[in-house]
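Listed after this line are the structures, all set down as structure tokens.
Paired with subunit B in one complex and with subunit C in the other, subunit A is shared by the two complexes that follow.
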Partner chain A sequence: MLKKNFMNVLIPMLSILLAFIIGMIIILCMGANPIQAIGFLFRGAFGTVTNLSNTVVRSMPLIFCGLCTCFAYRCGIFNLGGEGQFLMGAMAALAVSLLIGAEGPWVTVLAIVAGILAGGFWGLLPGILKSWRGLNEMITTIMFNYVAVLFMGFVYTSALREGSVPQTAAVPDLTKISRIFPNLRITWGIVIAILVGIAAWYFLFHTSKGFQLRAVGFNPTASQFNGFSVKSYRLMAFVVSGAIAGLGGASDILGTQFRLISGYGSGYGFDGVAIALIAQLDPIATVIVAYFFAVLRVGSTTMQVGSGVPTSVIDIIQALVIIFAVAGSAMMHLPTVKVFFSNLFGKKEAA
Partner chain B sequence: MDGSTISDLIIATVRMATPLLIVALAELYSERAGMVNIGLDGIMAFGALVGFLVCYWTGNPYLAVICAAVAGVGVNMVYAFCTITLCANQIVYGMAINIFAPALASFIYRVVFGVSSTLAQATLMKTVAIPVLKDIPLFGKLLFDQTPMVYLSYLLVIITAIYFNRTKSGLNYKAVGEYPKAAETMGINVIRQKYIACIICGFFAGAGGAYLTTCYVNTYSDGVVAGRGFIALAAVIFGRWTSPGVMMACLLFGFFDALQLRLQIGSNLIPYQLFQMIPYVMTLLALTLLGNKISGPKANCKPYFREER
Partner chain C sequence: MEELLRMEGISKQFGEFFANRNVCFEVRAGEVHTLLGENGAGKSTLMNVLVGLYQPTSGSIFLHGKKVKIDSPAHAVKLGIGMVHQHFMLVEAMTVFENIILGDRRSKKPFIDVKERKKEILELSWKYGLNVELDEKITNIAVGAQQRVEILKALYRGAELLILDEPTAALTDVEVEGLYSIIEKLKAEGKSIVFISHKMREVLHVSDRITILRAGEAICTLDADKTTSQELANLMIGRELSEPIYSKVTQPGDPVIEFINVSYKKSFKHGGLSEVSLRVAKGEILGIAGVDGNGQSQLAQIAAGVIVNESGEVKLKGKKPSTFAPRGFIDERVSLIPEDRNLMGLVGDMSIEDNLVFKSTEDVRFSNFHGWLLKKNAIRQYSEELRDKYDIRCQSVAQETRNLSGGNQQKVILARELEAEPDLLIAVHPTRGLDIGATRYVRDSMIEARDKGCGVLLISADFDEVLQLSDRIIVLFEGQIMGEYSGKNPPIQEISLAMAGK
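Right after this comes the complex of A and B.
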């Protein structure tokens, strides 16, 4: 058991290291100095208090999207619709805060609830299609993503447009989620994100319902014979994971972004999938990996300015991390590798 | 709607359906060997970039498509090695490809054209009319005055149908996707067959991506694929894992794509985003109405452990 946990930490760490080495080779091939570039990266992320706070701000939506994928996949559902559910949550929260005609903390709460409901609803639709018609959720959630993105386009160009620029009005000042420190951009949203992470971890690993949900994901047939309602657990996983993403959208629009613009939230869904997979589907690890992603994002802008290396090299490093992490954990299940490691560990114990 | 509108619509349908068809056939070859590859979207994005670059540098769209296809094989070999040899989860790995390949494509584009890129344009593939057939009244000019990619993709539909139903090698191929252990017992090399399936899949998916930048638009931009890989996946399910069925599904989805473009031009009152939703909503609707209780190859998506009992 200890060995298994050790491997679960070691594999992502090695993958990150390996991905960074390849990333540095790429930077070297471009004729830049990789050490200097990485230096700029870390200075951009941790150099000043403002930068440090930016990494925390940036990590909040990623944490929610990672948890969204993580929760659903524990029930055997590959929810690729994080982006759509996130956007629906953001749109619902924005619509409530703009259309209710008042401002204040109670509107904030109402807007967040609206975001949760909208995200949950956007997760419920593919859930119904799966349980009622047996449709593959990977295809349906992607289709719902595109519908949500286009719907957002409709919202900021027509429905809630303000002025000549294609964007919506901003969330009223008193409705915004308040900041923890007056002069930094960190809001209470990050606290919500971490609490959701802890709640998901507690639910999945320390309650009987969470156990049953994971059992459904692990072996639906056996769960069915044990009398667990496979269908309702799956539906629940869809709704809860959508609601988590919706809450993320609401917290982001009310705390950080304030208005919808073109390209908002683009790629968050796939980032969430990557984060959850690198974190080996552990909610607490998901929070940590999401922060790591945010550090790379914030730092890469400074790197681009400082050393001329384009920010997209960070996307490659991230993608390589997931490729190595998944291959690594798959390799651990191969019979020959298993034998090799049990020999290795066996010898150590003998010596 | 007058005659020219209808003929425009048919031409657009064929043009929109072709990339879907090529990629859906790629997925068909993959799934017939039990390999579900949801990384098509990523392979297409990479193919689109390679096709564009080669076309930009050499001005030869045919060479571009071939290079893109080879690049597609290269990307898909990462998937193949990890899912076949390492027995990793196919869905997870397909997703890894979906994240990795577009990132690589976007990075290469920025390295080649600089961070603040000016819009680079390449030549498009010219249409080649088929001498006698194009003179058929009504449909001749519509169906037989297209790019060679279109003809090749329809030829591929016929070849695929014959291969899987009428040849011994095709039946062996299908056996790998249905019951690999029995296939192995009969002397079929399952691992090799799965690798071959991945090579075919990568080849066509890369070519389908290149279609977008050599026959459809003459520039590359991030997100040029726009979920077509996933629509192609839906087309395979909708077409019930047969090549004529896949073709019909792709034509249907291509028609909705063409229709939304036409409706966008025709209407100023309704926001264009609502029309752009049509292909995605129709894919959902089509699957909901007709896509239930059908099953693909039996061993689809299952890793094959040779030593397992």
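Right after this comes the complex of A and C.
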């Protein structure tokens, strides 16, 4: 048990380390000083209070999308539709805040609820298709992403468009999610994100329903034989995971972005998948890894300005982390590796 | 006879633990040599050393009198050692032919000479009576045929020594007969076979010599025709074990489950039920005898509420079940030991304790607020009690069940199902793949449950088991009931004819 927990921490750590080493070699090949470049990266992410706050702001949507994936995967559902669910949540929240004709904290709450419902609904659809028609959710959730992105195009070019530029009106000031500190961009949204992470962790590991949901994820047949309703748990996983992403979209639009523009939210869904996988599907770890991703994103801009190394190097590092983490966990299942570690840990194993 | 293989003083150590200690094992050309031992006795470790998956801590291996060092399975194949694993290593989506030539590099040509290869394979298959359909996909052929493909694959790569790891575990009786005749032919051609098993009768039937392993050590090697199953059993477990004779019940109580003309996929001979009527009463064991695949799985699944019968009626304790789903049956105190423990019984990725409280996490013993706060300490304590009570051997109850041996996995299921104090226990092949000690334990537990007033529906392909345990016996053939017999002095001849459909 101890060994397993240890490996769950070791693999992501090693993956990050390896990815950085390779990233630095690439930077070296480009003729820049890797130590200096990485220095700029971390200065950009942590250097000043403002930078620190920007990193936190950047991490918020990633946390939600990571948790969205994490929750669904725990039930064996490969929800790749985080992006679509996120966008539907954002659109619903924006629509409520703009169309209700009033502003104030109660509208904020209403908008957030609308976001949750819209995200959940967008998760429910592929859930229904899977449960009753047996369609593979990996395909359907991606397709629903396209529907959501195109629908967003309709929203910012015509339905809620403001002015000559293709963008929507902004969320009214009093409806915005308020900042924690007046001069920093951090909003209460991040608190919501962390609370959702803790709630997901508590639900999955400390309640009977969460236990059964994980059991369905590991072995649906045994779960069915032991009297769990596999179909309901799967639907629940779809809806809750969509709702988490929807809440993320709502928090982001009401707290950070305020209006929809072309390209909004692009890539969040797959970032979420990567984050959850690196975090080995642990909700708390997901929050931490999401923050790490935000560090890379925010820091890379400073790095580009400071040392001339393009931000795409950071994308490479990020991709490498994912490859190493996934390969690392897969490797743990190989018989030879198992034997190696059981020898290493002096575990008694009767073969 | 000439000596083919000699393993001398093989030890394999994992940490402080000796999986093999100073084992000597020798195989002659053209003999069937059985490795007999309980689960965990070190049979698999020894064979893994032989096929190069493990390196021995000490000891050496001689082939044809020459010392060899086997560092990989590929090397073992090169040396003429072929293994047929218990779980077949075949690519299901590929054809038989493709599976046989997979990974074989005898020709340097860039393209595969299909005609030539097929000819070679067919010749081999005629020689040894290994009938296979070369162009059929693995998914479409029966388990017995898949095994023949594995054997053929090993022979095609030039195996002189074949290791068969529990080859009969998944076979039907007819297929087992077929395997025996293949083994005879292989022997006649001078191939040597290492046969791994713990079924006494078949071991005595096929072997020339038998080596018994116990707790990692080779106890002795015997000639098969000079020993008895009793002697083997005693050597295997290291103490006297008398065949238990369980008392039989003739006056059972009220019925717990009744089937009235139940049908399910009637037109299927294998995997359907046709007009089945039966009754299990409190305090009795009803044994269902029959060759595997004659509707037993479906019978068990209907009785557990997993699948719904298409016609007829199922009554639980005299009433129609309120919800025809596993949950409804569990609430009526129906327990199930399923036929496939890893697929249907356990969640391998979860710990022993999780699996033990699997169905009852909402119980007040294990959680507060109707399941909204699990009492981890209570679960741990309860699991440790059950571990001791049911003798589940593990490092800790937090260990994942997938790492347990088959016998211990079955004990986890048994503990969970019996602790629910069932009124009906459905046990499907409850001792399949278990060693003698565990088998005995599972059987005793079922008798104990019966004596406490639980009705037991025992479904087993092991005829001896059905005879030993059942108070009444029903024979199922092609989904139909062939007859009902008393469990006390059962007419064995008649029953076995009924099992064959006569």
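We take it that the second predicted complex is superposed on the first by the 346 of 351 C-alpha atoms of A that agree within 3 Å, B and C clash if a C-alpha of one lies under 4 Å from a C-alpha of the other, contacts with A are read in each partner's own complex, and residues count from 1 in each chain.
Just so we're on the same page, a residue touches a chain if its C-beta (ideal position, glycine included) is under 8 Å from a C-beta of that chain, and two chains touch if they have at least 3 such contacts.
If you're wondering where the values come from, they're calculated on a predicted model, not measured in any experiment.
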item: Side-by-side fit of subunit B and subunit C on subunit A, or clash; value: clash
item: Subunit B versus subunit C as contact partner of A:F20, first or second or both or neither; value: neither
item: Touched partner set for A:Q318, first subunit B, second subunit C, both or neither; value: first
item: Partner chain in contact with A:Y146 - subunit B first, subunit C second, else both or neither; value: first
item: First (subunit B), second (subunit C), both or neither touched by A:F46; value: neither
item: Partner contacting more residues of subunit A (subunit B vs subunit C); value: B
item: Subunit B versus subunit C as contact partner of A:W188, first or second or both or neither; value: neither
item: Touched partner set for A:F121, first subunit B, second subunit C, both or neither; value: neither
item: Touched partner set for A:G134, first subunit B, second subunit C, both or neither; value: first
item: First (subunit B), second (subunit C), both or neither touched by A:A327; value: first
item: Identified clashing stretch of subunit C versus subunit B [23-31, 59-67, 95-103 or 437-445]; value: 95-103
item: On subunit A, positions contacted by subunit B and by subunit C; value: 335
item: Residue ranges of subunit A touching subunit C (in the complex, touch as defined); value: 1, 206-209, 211-212, 214-215, 218-219, 221-229, 335, 339, 342-343, 345-351
item: Touching residues on subunit A, where the partner in the complex is subunit B; value: 30, 78, 80, 129, 133-136, 138-140, 142-147, 150-151, 153-154, 157-158, 270, 273-274, 277, 304, 310, 312-313, 315-316, 318-320, 322-323, 326-327, 329-331, 333-335
item: Contact footprint of subunit A on subunit B as seen in their complex; value: 38, 78, 82, 86-89, 91-93, 95-96, 98-100, 103-104, 106-107, 110-111, 115, 226-227, 230-231, 233-234, 237, 271, 273-274, 276-277, 280-281, 283-284, 287-288, 291-293, 305, 307
item: Contacting residues of subunit C [partner subunit A, same complex]; value: 14-17, 19, 40, 42, 44-45, 48, 53-54, 304, 306, 325-327, 329-330, 336, 338, 343-351, 354, 358-359, 361-362, 367, 370-374, 376, 395-396, 398-399, 405
